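Each chain carries a letter (A, B, C, D, E and F) given by its place in the written order, and its residues are counted from 1.
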Amino acid sequence: MYKCFSLSIKNNIAHLQMNRPEKRNSMILDFWTELPEIIADIDAGSKARVIVLSSTGPHFTAGLDKSLFAFVSEADREADEDTRNIQSGAAFYHNMTQFQTAFTSLEACRIPVLAAIQGGCIGGGIDLITACDMRYGTENSFYTIFETNLAMTADVGTFPRLINLIPEGVVREMAYTGRNVTATEAKTLGLLNRVYPDQGSMLLGVMEIATEIASKAPLAVSGCKKMITYSRDHSTKDALDYVAIWNASHFKLTEVLEAMEANKADRPGHFASLPKRCV
Amino acid sequence: MYKCFSLSIKNNIAHLQMNRPEKRNSMILDFWTELPEIIADIDAGSKARVIVLSSTGPHFTAGLDKSLFAFVSEADREADEDTRNIQSGAAFYHNMTQFQTAFTSLEACRIPVLAAIQGGCIGGGIDLITACDMRYGTENSFYTIFETNLAMTADVGTFPRLINLIPEGVVREMAYTGRNVTATEAKTLGLLNRVYPDQGSMLLGVMEIATEIASKAPLAVSGCKKMITYSRDHSTKDALDYVAIWNASHFKLTEVLEAMEANKADRPGHFASLPKRCV
Amino acid sequence: MYKCFSLSIKNNIAHLQMNRPEKRNSMILDFWTELPEIIADIDAGSKARVIVLSSTGPHFTAGLDKSLFAFVSEADREADEDTRNIQSGAAFYHNMTQFQTAFTSLEACRIPVLAAIQGGCIGGGIDLITACDMRYGTENSFYTIFETNLAMTADVGTFPRLINLIPEGVVREMAYTGRNVTATEAKTLGLLNRVYPDQGSMLLGVMEIATEIASKAPLAVSGCKKMITYSRDHSTKDALDYVAIWNASHFKLTEVLEAMEANKADRPGHFASLPKRCV
Amino acid sequence: MYKCFSLSIKNNIAHLQMNRPEKRNSMILDFWTELPEIIADIDAGSKARVIVLSSTGPHFTAGLDKSLFAFVSEADREADEDTRNIQSGAAFYHNMTQFQTAFTSLEACRIPVLAAIQGGCIGGGIDLITACDMRYGTENSFYTIFETNLAMTADVGTFPRLINLIPEGVVREMAYTGRNVTATEAKTLGLLNRVYPDQGSMLLGVMEIATEIASKAPLAVSGCKKMITYSRDHSTKDALDYVAIWNASHFKLTEVLEAMEANKADRPGHFASLPKRCV
Amino acid sequence: MYKCFSLSIKNNIAHLQMNRPEKRNSMILDFWTELPEIIADIDAGSKARVIVLSSTGPHFTAGLDKSLFAFVSEADREADEDTRNIQSGAAFYHNMTQFQTAFTSLEACRIPVLAAIQGGCIGGGIDLITACDMRYGTENSFYTIFETNLAMTADVGTFPRLINLIPEGVVREMAYTGRNVTATEAKTLGLLNRVYPDQGSMLLGVMEIATEIASKAPLAVSGCKKMITYSRDHSTKDALDYVAIWNASHFKLTEVLEAMEANKADRPGHFASLPKRCV
Amino acid sequence: MYKCFSLSIKNNIAHLQMNRPEKRNSMILDFWTELPEIIADIDAGSKARVIVLSSTGPHFTAGLDKSLFAFVSEADREADEDTRNIQSGAAFYHNMTQFQTAFTSLEACRIPVLAAIQGGCIGGGIDLITACDMRYGTENSFYTIFETNLAMTADVGTFPRLINLIPEGVVREMAYTGRNVTATEAKTLGLLNRVYPDQGSMLLGVMEIATEIASKAPLAVSGCKKMITYSRDHSTKDALDYVAIWNASHFKLTEVLEAMEANKADRPGHFASLPKRCV
């Protein structure tokens, strides 16, 4: 039982939901430990082939809970005040990298993560959804780099990832003004893949896409995820070289033949799952 | 008094205007020394919180003035002809890096720079506006990599920055054909954030955005600018690490609390300005 | 005479056509040796100023021919089975880098390559067109990362290049689901520069663009191609420095003056062609 | 109680010893989980200011235990043979990155790790000691990239780190021939900081250095470690920028003043310890 | 007249001396503005072909003057205390990057800088000499990363450059222990090119080397400096490409022929000087 | 029959000798085409497991032949003078990258290349030997970056590679002064692995090392070469990841078991050769 999430796994699809709607799913301290644990558990145990991340209530998430603002710079509870003061920069840096690691677990896990967003996706919410593979939203969803409105610079991943997702000029405008971006604008900008009329139809639609993904060979899908992330962060030359050496071990003719036969017979293919992690 | 610009600072907004409309604001030798001086002066003295760069006359700018074409390869006036010939490559390289530095000053300064563009934005104009944070244009504005039409390869910054702003295939078409891009197309491509019917409404609109930006905490806005530029040029991993360590020194709880109170009371926040540069 | 291509050169435009429509222009072993040979020959001999790559039949290309699937991991025909087994990873890696080199020749050659795409552009077809400078398509053209449907991870260049051309979220959706993207969607995403009603009008349109490009100074166009590719794979700072030193040797005042005079007189400019390669 | 190590912490110095001398301290499966756990525990709890890593018996370590050779490619115990075959590349890659992570924990922890090496340091031993901060050896110690003698390419970290420690030509000779390098040669090459006559004098000497390090301000020492590792992997420009922003939060005038006073009074300084990790 | 330096230029050699021996040439605020001004002036005006940097008194330099320790975090004199507190991180970062820029001017200038070091080279002295091209020392010279002894992490350039000059294990030992390195050790490590018995013989020896350098073609020497610095910070592939395009503009056959004739006739060559900077 | 080389292959060792001693093995135009052809032929056909590169006569090589100096900037023989003038920068760049590619073939081939150097290794000779895996020299051998003495900046690979092989301060001194480095100095600097009394004993010694290398599993040795070169040009993190995925396809348990048995029985192992290249 988690404090911030509920989780169900069915048909190789893990559905992870934020479940503190009464607090607008703000990210409290537990959030940051639960999220990476859940993701690592699914991934290491090869318990699903795709993850859908959605939320409850009128808003996807309000971002970092205010209880964390004071926490981050002075986390060493056992130290006296003078010491905590000297440690403050080091503590902030450490805590922030831990928070970042929580979101990076979405990017690092071997299977795709699809975000289904309703209502407000605010502050840390942007960091969260940009670490997912794809984003789908309701018509009434909106997107805000709210940190500037609170005299902060977004720091759990917004800029390093958003800069790759939407035009740079809009990233800057969103960041400097703290303004809302609508679902329609987000779709045009490339942030969302699709916009749905409401949360119900969105979940149906996203589950359909997830089902399609779950029907493919997991090693191939997993390879795609790794290659896309790698390509984003490396030069063309390095990425080309990497995909060649990756496939030298991951390409399996038996899987290809099975896929061909399954396609021909219009039946689901039977593919090897990802290896469970043993170390 | 500047030869190529007029400058006014009001309400924390610096309005910098190119003022040689009769020469279509072509970039003469003075342009390249005046621009970085003005920007450095505003930035070092913390004299404004945002810069709006606009122009006068029917066209934003015609780009490099033709008087510079001969100059760039043989700038060492005191040398004899043989020596100048031997020095030509070295002189060209030096002069070009100086020109680039002038535009890079827009990117390097700590506060946002908003470009408001009317009519033609030609050749060096593209280099200029891509070094700004955001771009806004009139309906009749148009954008041209004109260098190819003059048997040159654009060299003051067009490609290194434009490649990050609009689809690569369009960068190539613009460069190889030297064709005009309309305001509407530029908006769709992501080059412009917004299109306005005319220069008057554009300046009003851009000043409104500038006012919004000037109301935010300068340290936070400045952090956003740094992070976005850093993220564009570094891997996700490096950018995540950098933003964590940046905020370890720049995040200030007192500013956050002031912002919260101000938001609640619906009044402007009172924030520390950027430190004046002393060294 | 080539097995997979026909080639004609006229008015400084090389028109290269895939000519195995009955096999949906699938990429057989010859394809991978013929393509780089043709490109290198045009480039080294300075035989054209632009290349148009089109296809024949209802579909642009079906991608890798199935005959290659078994080939790639066990190419050393002279070795016994045990040895081939031990060599399999090394052989796969080598073959794949050779295949990649074939497509990279399009990117590495000094003149622009324009792809004109009709019908299906499937699997290896995506790798092929992303290595071209610009892409134009017919209304009925469609684009598919088909490898996932065959339990493979695309490996001849799709991800390293596509990630730079269209929004990351869509790259991921295309890769994980193997779904088709229509011409209209491809245009909106930035993959295509223009959509034409049919192949006839497309070839007319693309030839017009090619003609425009062929009328510019080849050294300038070639410089643009190099700079854009370089900028895509390097930081802003490195790319700025590179373009300055590039132009220190490639900028030629005589070419500029000729271009100005030609523009004034509304006549074609007479420009130096690219040097023939001698080593 | 650990299977492969014994650990004692005294005077802010953690002494970690490999304690399977009868098996020449070969790295069995437990080794790879115990090592990162121990390091993380010391680091997170701020339990020491420096770590000394030594060994027992005639040899420092014989490297990877042979029991692992078969394990690495087929770790998913629950899968059937066909599946394991398809998964083999993926399993190998995963397991190897886990092994690498174990050694990288030495580099990633916030305090210096000093290796004190006697006798043979073989195969995986090279990977291990190159992930430490400094290396000290006995006169009879020797160093071997043994993997080549076993028809393998070293893969837990030897090359990525050794290439930065000794001349490239010697790295290559060691790798291609699998030959031993003596302590004297290792000192000349820069691999060892100092050579001691025997293990007893070495441990005395290394503990003296460790004591010296433990007397310095932990935040300063930790900053040095981070900066050196960062500088090794980044350009001069990026590393300069990073150290400036790092110190913006970590430089503490009170610590400096305390250090000055302590130096003057020739007494130990009283410095803040590293913050305990709370997330 | 400078406060921290005396300068003489003779036979194309600029001799720059630190001249506050009574204060052990500690780096006061003026030091940081004077140094880059002097270097830029020599470089822009092409006033010398090589710079020799030496010092006076028993010690080369004691590093940063203590007067700067408080200054760096609160430089904005006009601000009130609360504001200065909020600005402290930003002020520190800015000031430190300015200090770094002062040393980087040695690396960035177009001509070689030779450091001739006597006695103690402490703290900031390491940052200073690592930014020079070559280092020569007296037998009694010694080298210390003293910052750790003052509870600081060296931040004006020590690690980013030293890591490229001496074995990593020794950088770490010097940094963590703050110990002295002797001239002999420094020579063995590669930090010094040569050791001289005393300052007199050192200055004679270094001037001889400087004279040799000044006799070569300045464009060629300048190209070497640029290429070596570039190669240090880029991949082999990028550096190869850069040197090819650099020489495309800087290689001058007339200079080569003059050099050959001069060599043959055993007379000094007459070479073009570096172009004076005009922008 | 080659104009610049003689080649013999015996016991899996290819011995490649420069054979124009009467011209001090200067690098004429044929040299640049013959070298990469020979290397590619050995490599693609898997004709040897190691290459020894030696020379004849009193000197290893005098570097680039003077006949090339004029050639490089005006290689397009068919063009008229005006055109050649406009093309000069482009032609120089192209030719130089071709020359570089010739030397890079030594680095890119899958098997180790050992250089055995007698007498003078001058100018282009430095570029040549730094592209080899290891360097061995006679007592009377010497090493000179001679280009500076000819008013040139070395451009076929000296700096990009030498900077990784010997201390930066010495690279700079060699480059700026054009002075000779003796064999003893070269050994101390790390440029040479070993010094032999004369060419006869050197060839015996180097052949012994080559024989040792040829006895190892070719796939393992080849993997080492790739990993070392990759590690040199990538960050620690990227290199670790790469070696893990490389071995996922190249590690073969059967080879390991054969190596173990062979070691035990003190007999040569029977290993798979590198796959012949088929594409």
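As a convention for this text, a residue touches a chain if its C-beta (ideal position, glycine included) is under 8 Å from a C-beta of that chain, and two chains touch if they have at least 3 such contacts.
The shown structure was predicted, so the numbers you read here are calculated from the model rather than taken from an experiment.
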| item | value |
| --- | --- |
| C-alpha-based rotation, subunit B on subunit D, 0 to 180 degrees, nearest 5 | 180 |
| Interface with more contacting C-beta pairs, comparing C-E to C-F | C-F |
| Subunit A-subunit F separation of Cα centroids, rounded to whole Å | 47 |
| Between subunit B and subunit C, centroid-to-centroid distance (C-alpha), Å | 33 |
| Numbers and ranges of subunit C residues touching at least 2 other chains | 89-90, 92-93, 164, 166, 219, 232, 234, 237, 245-246, 248-250, 252, 255 |
| Contact pairs between chains, per stated definition | A-B, A-C, A-D, A-F, B-C, B-D, B-E, C-E, C-F, D-E, D-F, E-F |
| Contact footprint of subunit F on subunit C as seen in their complex | 29, 32-33, 75-79, 82-84, 86-95, 98-99, 219, 222, 248-250, 252, 254-255, 272-279 |
| Contacting residues of subunit B [partner subunit A, same complex] | 50, 112, 133-135, 164-166, 190-193, 209, 212-213, 216-217, 219-221, 223-225, 227-228, 230-232, 234-237, 239-241, 243-253, 255-256, 258-260, 263, 269, 271 |
| Interface residues, subunit D side, partner subunit F - complex | 69-70, 72-73, 89-90, 92-93, 96-97, 100, 104, 107, 145, 147-155, 157, 159-161, 163-164, 166-173, 175-179, 189, 232-234 |
| Subunit F - residues contacting subunit A, complex | 234, 238, 242, 245-246, 248-250 |
